[in-house]
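Naming follows writing order (A, B, C, D, E and F), and every chain is counted from residue 1.
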Amino acid sequence: MANKINIPWQEKPADCKEVMWRHSNNPIIGRYHIPTSNSIFNSAVVPFEDGFAGVFRCDNKSVQMNIFAGFSKDGINWEISHEPVVMKAGNTEMIESDYKYDPRVTFIEDRYWITWCNGYHGPTIGIAYTFDFKEFFQCENAFLPFNRNGVLFPQKFNGRYAMLSRPSDNGHTPFGDIYISFSPDMKYWGEHRCVMKVAPFDQSAWQCTKIGAGSVPFLTKDGWLMFYHGVINTCNGFRYSMGAAILDKDNPAKVLYRSKPYLIAPAAPYELAGDVPNVVFPCAALEDGEKVAVYYGAADTSVCMAFGYIDEIVDFVKNNSL
Amino acid sequence: MANKINIPWQEKPADCKEVMWRHSNNPIIGRYHIPTSNSIFNSAVVPFEDGFAGVFRCDNKSVQMNIFAGFSKDGINWEISHEPVVMKAGNTEMIESDYKYDPRVTFIEDRYWITWCNGYHGPTIGIAYTFDFKEFFQCENAFLPFNRNGVLFPQKFNGRYAMLSRPSDNGHTPFGDIYISFSPDMKYWGEHRCVMKVAPFDQSAWQCTKIGAGSVPFLTKDGWLMFYHGVINTCNGFRYSMGAAILDKDNPAKVLYRSKPYLIAPAAPYELAGDVPNVVFPCAALEDGEKVAVYYGAADTSVCMAFGYIDEIVDFVKNNSL
Amino acid sequence: MANKINIPWQEKPADCKEVMWRHSNNPIIGRYHIPTSNSIFNSAVVPFEDGFAGVFRCDNKSVQMNIFAGFSKDGINWEISHEPVVMKAGNTEMIESDYKYDPRVTFIEDRYWITWCNGYHGPTIGIAYTFDFKEFFQCENAFLPFNRNGVLFPQKFNGRYAMLSRPSDNGHTPFGDIYISFSPDMKYWGEHRCVMKVAPFDQSAWQCTKIGAGSVPFLTKDGWLMFYHGVINTCNGFRYSMGAAILDKDNPAKVLYRSKPYLIAPAAPYELAGDVPNVVFPCAALEDGEKVAVYYGAADTSVCMAFGYIDEIVDFVKNNSL
Amino acid sequence: MANKINIPWQEKPADCKEVMWRHSNNPIIGRYHIPTSNSIFNSAVVPFEDGFAGVFRCDNKSVQMNIFAGFSKDGINWEISHEPVVMKAGNTEMIESDYKYDPRVTFIEDRYWITWCNGYHGPTIGIAYTFDFKEFFQCENAFLPFNRNGVLFPQKFNGRYAMLSRPSDNGHTPFGDIYISFSPDMKYWGEHRCVMKVAPFDQSAWQCTKIGAGSVPFLTKDGWLMFYHGVINTCNGFRYSMGAAILDKDNPAKVLYRSKPYLIAPAAPYELAGDVPNVVFPCAALEDGEKVAVYYGAADTSVCMAFGYIDEIVDFVKNNSL
Amino acid sequence: MANKINIPWQEKPADCKEVMWRHSNNPIIGRYHIPTSNSIFNSAVVPFEDGFAGVFRCDNKSVQMNIFAGFSKDGINWEISHEPVVMKAGNTEMIESDYKYDPRVTFIEDRYWITWCNGYHGPTIGIAYTFDFKEFFQCENAFLPFNRNGVLFPQKFNGRYAMLSRPSDNGHTPFGDIYISFSPDMKYWGEHRCVMKVAPFDQSAWQCTKIGAGSVPFLTKDGWLMFYHGVINTCNGFRYSMGAAILDKDNPAKVLYRSKPYLIAPAAPYELAGDVPNVVFPCAALEDGEKVAVYYGAADTSVCMAFGYIDEIVDFVKNNSL
Amino acid sequence: MANKINIPWQEKPADCKEVMWRHSNNPIIGRYHIPTSNSIFNSAVVPFEDGFAGVFRCDNKSVQMNIFAGFSKDGINWEISHEPVVMKAGNTEMIESDYKYDPRVTFIEDRYWITWCNGYHGPTIGIAYTFDFKEFFQCENAFLPFNRNGVLFPQKFNGRYAMLSRPSDNGHTPFGDIYISFSPDMKYWGEHRCVMKVAPFDQSAWQCTKIGAGSVPFLTKDGWLMFYHGVINTCNGFRYSMGAAILDKDNPAKVLYRSKPYLIAPAAPYELAGDVPNVVFPCAALEDGEKVAVYYGAADTSVCMAFGYIDEIVDFVKNNSL
C-alpha cells in the first residue's frame, strides 16, 4: 500500500481533545444507500487505481447478509454495486456459503485478498482474491467453524501468509480472543498462536468480554498498528468500542503495546441507536504514512469514518498501554 | 368491514421507493396521551358508525397493562377513555384476568370481538365482544396458557370461528410460530393447525426467531392479507419488524405467499428508542379495497401508522415470497 | 371400571411403615422386554375382558418414542406387541405425529380413550380411542402445543369430557401446573381452569418445580383420587416423585386434599440409576374399591408397581394435606 | 442536614401534570465533563459549607470505575477533581478495592460518610468518611460480597448506625430486595432485616425484577422519604425507573408507604440512549424542608436532576401506595 | 475439645493405599433412620458428656429441611429425636426461619454453638447455642442473604469470634469461595476477609467451581486442620469431593497448605447414587489428637464416616499443597 | 494394521440378541489401576510388537487430565506407566499444553500418531508421534481452539493426512458435528468439510445433541468403519451412546451408512454410575478382519470393552441406516 496517497481527511476540530475524531458528516454511507439494503456497515476499503475500491457488507431487507463491491474517487462518496459479489472457484471446488459478512480487504504482492465471515455450517473465515474488484475467486475456508474476524497481514512472514482471527461459537459468542495462524499457500493453515486476550474487567472493562481484529495492520516505526474492537457485556447487551494494538514488525504474534483506554466508543446518535445499539466496529484503515482514516460500522446500521495522526495514535497507545 | 370508507391516508412521499411508508406525524398517539399512561402502543382500530373505534393498550405508570376504548372521527385524532375497559360476564362466569395487553378487534356478523393477551396464570388469549365499545362481555379464554397474539378472522369457515395465535412460554419466549384453531361457539376450540413457522436464518433473518399474527386479515383478490411481526434475536435483544402473508381464501391454514423482505423495520427515532427499543408491531389495518392504513406499536411506547396500496403490497409479497 | 376385579397385588411387607410399598420383583417390565426396545416406562394399563390391556411407551434403540399395545392375564406378566400402535383416522383427517410418549388409558362409556404426548410441531396432547386395543382411531389433538401429561376423567361432567393437562414449553420445561379443560365432543376444548400449582419450596419441596397428572382418577368416598408426579430441580437435575390428590366429586377443578409428603420417591436402585436417574412417574392405577396398584415408570427405563389400601391412602392425604 | 438551604431549583413547567419534573438543561453533567471520563453518573451530593460537595462516579476511557470529589456553589455547575479520591486507612488496615462505583454521601453527627460499591473479590459495600472532601478515610467493608447500593441513614437508631443495602450476585443480578443492617461502630454489622421486596408483576411491573435504595433518606412529617430505583426485565434488557418509599421514623425497617407508580421513568433522549439505555438511577436528594432536588444517573452516562415539592411527593406516595 | 476421648474408629484396611478410608458399614445412618425422614445427611457431631451429641439434617418426606438433635454412646449408633430442634429467643427477638439445613456444631468456652443454613428470604447463616442439646437459643443471623456453610472456630481470636462462610446466590450457585468474618458478640459481624478461592481448572479441577468450609477446624502442630468440600461442574451436574486445608494458628485468614488432590471423592455406591448423585460433603470431625473421624453426607441421602491419622493427613496436605 | 492378529475376544453370550456385547469382566481397567489415578477412561490401544500398546487418559486425584503410555500382551491386562507421557519437540517448538485428554492412536506408514484434546487456551487437537511408546514428539496443534475428538485416518488420501474432529466451544458444548480436514505435512491443515451432523430428534434421538468421532476407522469391504459417540441432552444431563458409520473408501468425507439405532448405550451399572453417569465413549478398536474389539470409557471412570463380528456390524449399519 503506497504512502502519500490522498486519503480522505478532515482536520481535528478545534475543541477536540481526543487522539481521534469522527467525520462531521457521519454516517458517510447510510443504511439505504443501495435500493435493496436494510443496512450497510462493517465494510472494508483499499486504495485502488487512482481512487479507492471496497467490499461492503449490505444486509438486504430480508436481512440476508452478503458482500458487495464498490468504487470511489475520494473514499467518501461511494458507488456500490446493486448486486452482491459473485464468486468463481479459486484454489478449490466451490464450497457452500450460506451467508457472507464483515469483509476485510488486504493487498498482498499482486492481488487483493478478501476475507469475511463465511456461513459454512456456521460462521468461519472465507477467503477470496480479486485483481479488479469485478471478478472474484473463492478459496478454501481458512478454518473449521466457528470463527469470525479473519484479517490478513499485507505481507508474508518467512514465506507464509499470516491471518488474525477470533475463534467463536455458533451464537452471539460471549467470549473471544485474537489468534494468529500461518499458511504457505492460502489453503492449509497451522502454527496457531494466541496473540491477545480480553482484558481484566478492573483494568480495561471496555474490552473485557471479547476482542477481535479490525483493520488490516499497517507498518509504523514501532511495528504493526492494528485497530481492533473490544466488547463489554452490560446488563443491556454488548457494547463494542475501538482500540489499537502495536504488534512486533517481525513477529506479529507478539503484542508490543495495546491501548488500555478505547479510542472511539459509542457516543454519537448514529452509534447509540440502530439495528444493534452501541456498536463501533472498525474494519479498514487508509493511511498515507502520516494520517489515518478508519472506516467503522456504526450500530450495525451504517458506515462511518474517524481520523487521526499516526504518530499521535502510536504515542497514545504506547503511553497508555495495558 | 365496508369498502370505500374514508380511511386515514397520506400519499407516498416523492422520494419513497418502498412499498409502504410512515405517517409524517408519527407517532400519532404519544406515550402520555391519557393522564395515567406510561405508554400507548400495540392497539387496534376498526370502522365504527361514521368514524372509527378502537381498543388501546395503555400501560399506566405502575406499568400495569390494560386495554382502553377510544373513538375517532378521522382515525388519527383519538379520544381514549381514561378508565380501562370493564368486562361483564359473556358466555361464562367471570374468570381471572391479572392483566390485559395487545388487543385486536374483529367485526363478525353482528358484533365486535376483542381478543387480547389475558393474564390467567400466565399469558393466554382472552375473548370479549361489544356492540358499542361501551359495554363489553368477556368470554372463556380460548386456550390454555401460554399463548399470545390471538387474531380472529372476520368471517366463519364452515360455521366455525377461526383464530390465529402464537403458542408461547411464560417469559420472553425465544421461539414462536403461527397456528390456527377453530370453534363452533367461541367457547370450545380445536382443529389446531400450524400455519407459518419462523424462516431459516439465511433466508429471511428478520423473522428467524419468532413470528406472530398482527392485524386482522382482510380479503384481497389473492386471498387473506395479514400483516404480521417477525423477530430476530440480536446480541442486544429482540428486534421486531413487520411483514405480510397471503392466506388461502377458503382454507386460511394455507399460506400462499409470505414476504421474504420486511415491509417496515425499526429505523425511525421513535422506533429505535423507547421502553423497548427496535420494535415495529402491527395490530390493526384499515382498508377501503384500494388503500390500507396499518396501525403499529413503536418501541412498546407509542402508536404509529404506515400506508400502502393494497395491490402494490399484494404484488410485492407475491414477487418476494419466501 | 368395575370394583372387585382381581387386581395384581402384594401385601405390605412386615417392616414397611409407609402407606405404599413397591413390588418385590420390580421392575416388572425390564428395558429390553421387546426386541427393539431401549426402555419401557411411563405406561398405562386398564382392566380388559378377563384380564388387562395396556398401552406402553417403548423407546427403541434409535431412541424414537412410540406407544405399543399389550395384554396380560395378571397385570404383571405382559405380552407387548413388537410393533407400535397404528392409527386410523378418528374424528378428523390424520394429522402429523412425529413421536408419541407417556400414554394414559381411560374407559368412558363404551370405549377406551388413549391420551399421550403427541409430537405435532412440539409436544401436545394426542387423543385416540379403541374398543379392542387392536384397532385405534386417532382424533384431533386436544390443544395447541406445548402440552404434556393429558389425563381424561372416566366420566363426563354435565355432558362434557374433562381432561387434566400440564402446559409446557418446547424443552425440558422448568415449570408446570395442572389445568383442567372440557369438551362436548372430544374435538373442541375450552373452559380451561387452573387446578393445582406447584408447592412452595419451604412447604413441600419435592413438588416445587413442576407437577403433572399421573394416573386416571378414580372415585373414592372422599372424591377423585389421582396420583400425580412432582419435581424438584436439584443441582444435579430433576427428581420426580409421586404424590396424590383428592378432587371434588362433582367439580373436578376443585382440589380437596393434596399430599404434602410424597408417597413414593426415588430410592430403589432401579429408580436411582437408568436413562434418567431419580424418576418415579405414575401413569396408571388399578383398583378394586379396596386396594390400588399403581404402575409407574422408573428412571425413564422400566415399568414398576407400587401398592396400597385406598382408605389408608385417602386418610394419609387428608391428614397430610398441603 | 439543615433546612432552608438554597437548594438548586426549577419551577414546575406549566404543562407538567406529574408530581416531579426534569431539569430543563439535563444532563447537568455531561459524560466528558473531566478530561479522562467516558461517563459520569450515579453520583451523590450534599450541602457543604456555603455550597455543595459531592462524590461522583466517573468511569474513565478504559471503563475503569472510580469515585471523584467535587464542589459547587449552586449544585448545578460542578468542579470535579481530575484525580480519583485517595483513601487513607480509617478503622482498619487498608483492604483491596479493585473498583469503586455508585457512591452515596451521608452526614452523621460530625462527618460525611461515603458508601459505595467496592470491588473486593466482587462487589460489596465500601465505607469511608471525610470532613472536608479532600481527605478520605476508608473503613472496613460493611458486608461480605456480593452487595450493592449501600445507603446510610443520617442518624443513629438506639446508638446504632443503620444501612440499607441490596444483596446481589457476582454478575448483572436478576433479583434484588432492600435490607437494613445495624452497627454500633461502623465496623461490625448485624440485625439484618428485609425491608422491601420487589413488587408483583401485575401490580407494579416497573419494580418487579429488582429494587435498590437510592438517595439518603430524609425526614418528613410522615417518616423517612427515600427515592429508590426499580427494574423490569424487558426482552431488550433491564429498564431502571425511580419511585419513593416512606419508612417509619423510629423503625426504619418498616415501610409505611411505597409508590406503586414510578415517579420518573426513562423517557428523555439522554435516558433512552447511552452506554446502558433506559436507566434512571437516583443517588442523592437535596431538600430544604419544602422542595427536593434529586440527582440521578441517566443511561449510565450522565448526571441529571429532577424536582418536586416534598408534600406533594409524600401525598402522592401515600395516595398511590402499593 | 478434649484429647484422647474415645472417638469412633476403624483401622485402615490392609489393601488401602490412601491417606483416608471409609467405614466398612457406611452409611452409618440410613435415609429412613427416623420415621419421617426422606434423607439424613450433612450433619454434625461433637463429644458430649460421656459420649457424643449431634445435630442432624433430616429432610422429611415433604422434603422440608430441618435440623434434629441426637445422642450416641459410640458415635456410630445414634438416637435422633423424631421432632426437629425448637428454638427459643437468644440474643434477639425470634426471626423467620423458613428452613434449616447443613448444621455444624462448635464448642466455645461454655456452650455449644450451632450454625446452619437458615432460610431468611433465601439462605444465610443461622446461629444458636445450647448447653445440653435439648434447649436451643437462636441468635441473630450472622449475615445478609445469600450465604451457606458457616463454620465457627472453637476459640476466639483477640476476643472476637471467627466464622468461615461461603457467599452464595439464591439458587444452586455456580461459584463459591471461603471467607472469614469476626464478631465481638455473636451479633454484629465484620472484618470480612477472603481466605480461599477455587482452584484453577488445570491444577485441581475437583475444586474449580466452588469450595465451602466443612468440619469445625481443630488445632494440629501445624495449624488449624479443616476438611472442606470442593465442586467441579461436569456435563451431568455438580460433583462434590472432600479436601483439607491447614490455616495459620494465630491468623486463621491465612492458608498455609491446602490439598491439591482430594482426600475422598464419590466412588462408593452410596455416594454415586441417591437424591443428588456424586456428593461427599464433610460437616464434622472427631479427633483425639492422633486420629480423626470425619462425618460426611453422601449423595444428599445418608450419613457416612471416614477415618485417618492426623499426622498422615497433615503431612499429605503439606506434601501435596496447591 | 495387520489382519489376523490375536485381538482380545469373548464370544457372544448365548442369550445376547444384539450385534455387539460387553466383556464379562468389565471394566477391564478400574479407576484406581495406577496409584495416582482418580479415573482411567477414554483411552486408545493399537497392536504393537507381539502384543499391544496404548495411550490412556488417567485423571489423577487432583482431577488433572493427562495421558499415560501402557503395554499389554493380551489387550486386557495392562501395565500403565505411573508417569504421564513426556513430550519432546516434534515439527515445532514446544507449545503450551495445560492438559491432555481423550487420546487416540493411529499407525501411519512408519510411526504411531497420537491425537488428543490439548489444552491451549481451551481445548483443541494436539498431535504427537512415537515409534516405541517411550519417546514422544509433539507437533503443532492441528486447529485453533475450540475442538475435541480429533481422529486420524490410518492412511493418506492423495498425499494428505486426514483428520476427523468436532468443533466445540469452551464449555460442555451443547452442539457438535463431525468434520474432516486434510494436511500435506501434519503442520498446516485445510480443505475442511462437514462429514456428519447430529440426527433429527424424532429419527434418532440418542445422537441428536452432538456426535464425535470415536475409534480410528478401519477398512471393510464396504468402506471405512468408524465407531462414534452420540449424545442426547436429557433433563438430567448428557447421555453418551455408541453407534457406527461407514465412510467411502476413497472419499472419507462421504458417509455411506450410519447407524440409526445405537450399538451400545449406557445400561450396565459401571456405565450408569460414576464420575459422569450415563457415558459410553469409544476411543479405539482392534480388529483382525473378522472380529472387532472396541475400547470405550464408561461413566468417565473406567475402561471397558465390547465385541462384535465386523460383517454383522457392517450389515447392521447398512440395514439400519439413518
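Things to note:
In this text, contacts are C-beta pairs under 8 Å (C-beta built on N, C-alpha and C of every residue); 3 or more make two chains touch, one makes a residue touch a chain.
Protein names from UniProt, one per chain: A, B, C, D, E, F = Glycoside hydrolase family 130 protein.
This is a predicted model, so every value here is computed, not measured.
Considering the contact criterion stated above, no chain is in touch with chain D and with chain E alike.
The minimum number of touch steps separating chain B from chain F is 2. Contact with both chain A and chain C is made by B, F. Centroid distances built from C-alpha atoms place C farthest away from chain A. For the touching copies chain E and chain F, the fraction of interface residue numbers used by both falls below half; the interface is of the different-residue type.
Averaged Cα coordinates give chain B a centre that lies 58 Å from the centre of chain E. Separating the centre of chain A from that of chain B, both taken as means of CA atoms, is a distance of 41 Å. In this assembly, the C-alpha centroid of chain C lies 55 Å from the C-alpha centroid of chain D.
Each of residues 236-237, 273, 277-278 in chain E touches at least two other chains.
In terms of which chains touch, the assembly is arranged in some other way, matching none of the line, ring, star or all-to-all patterns. Contacts between chains, counted with the stated touch criterion, involve the pairs A-B, A-D, A-F, B-C, B-D, C-E, C-F, D-E, E-F.
Residue ranges of chain E in contact with chain C, taken from their complex: 31, 35, 38, 59-65, 98-99, 119, 172, 236-238, 273-278, 300. Those residues of chain A whose C-beta lies close enough to touch chain D in the complex are 17, 202-206, 232, 234-237, 239, 260-262, 265-267, 269, 272-273, 277-278, 320. The part of chain A that touches chain F in the complex is made up of residues 92, 95, 120-122, 124, 140-147, 165, 167, 169-170, 175, 177, 179, 181-185, 187-194, 197.
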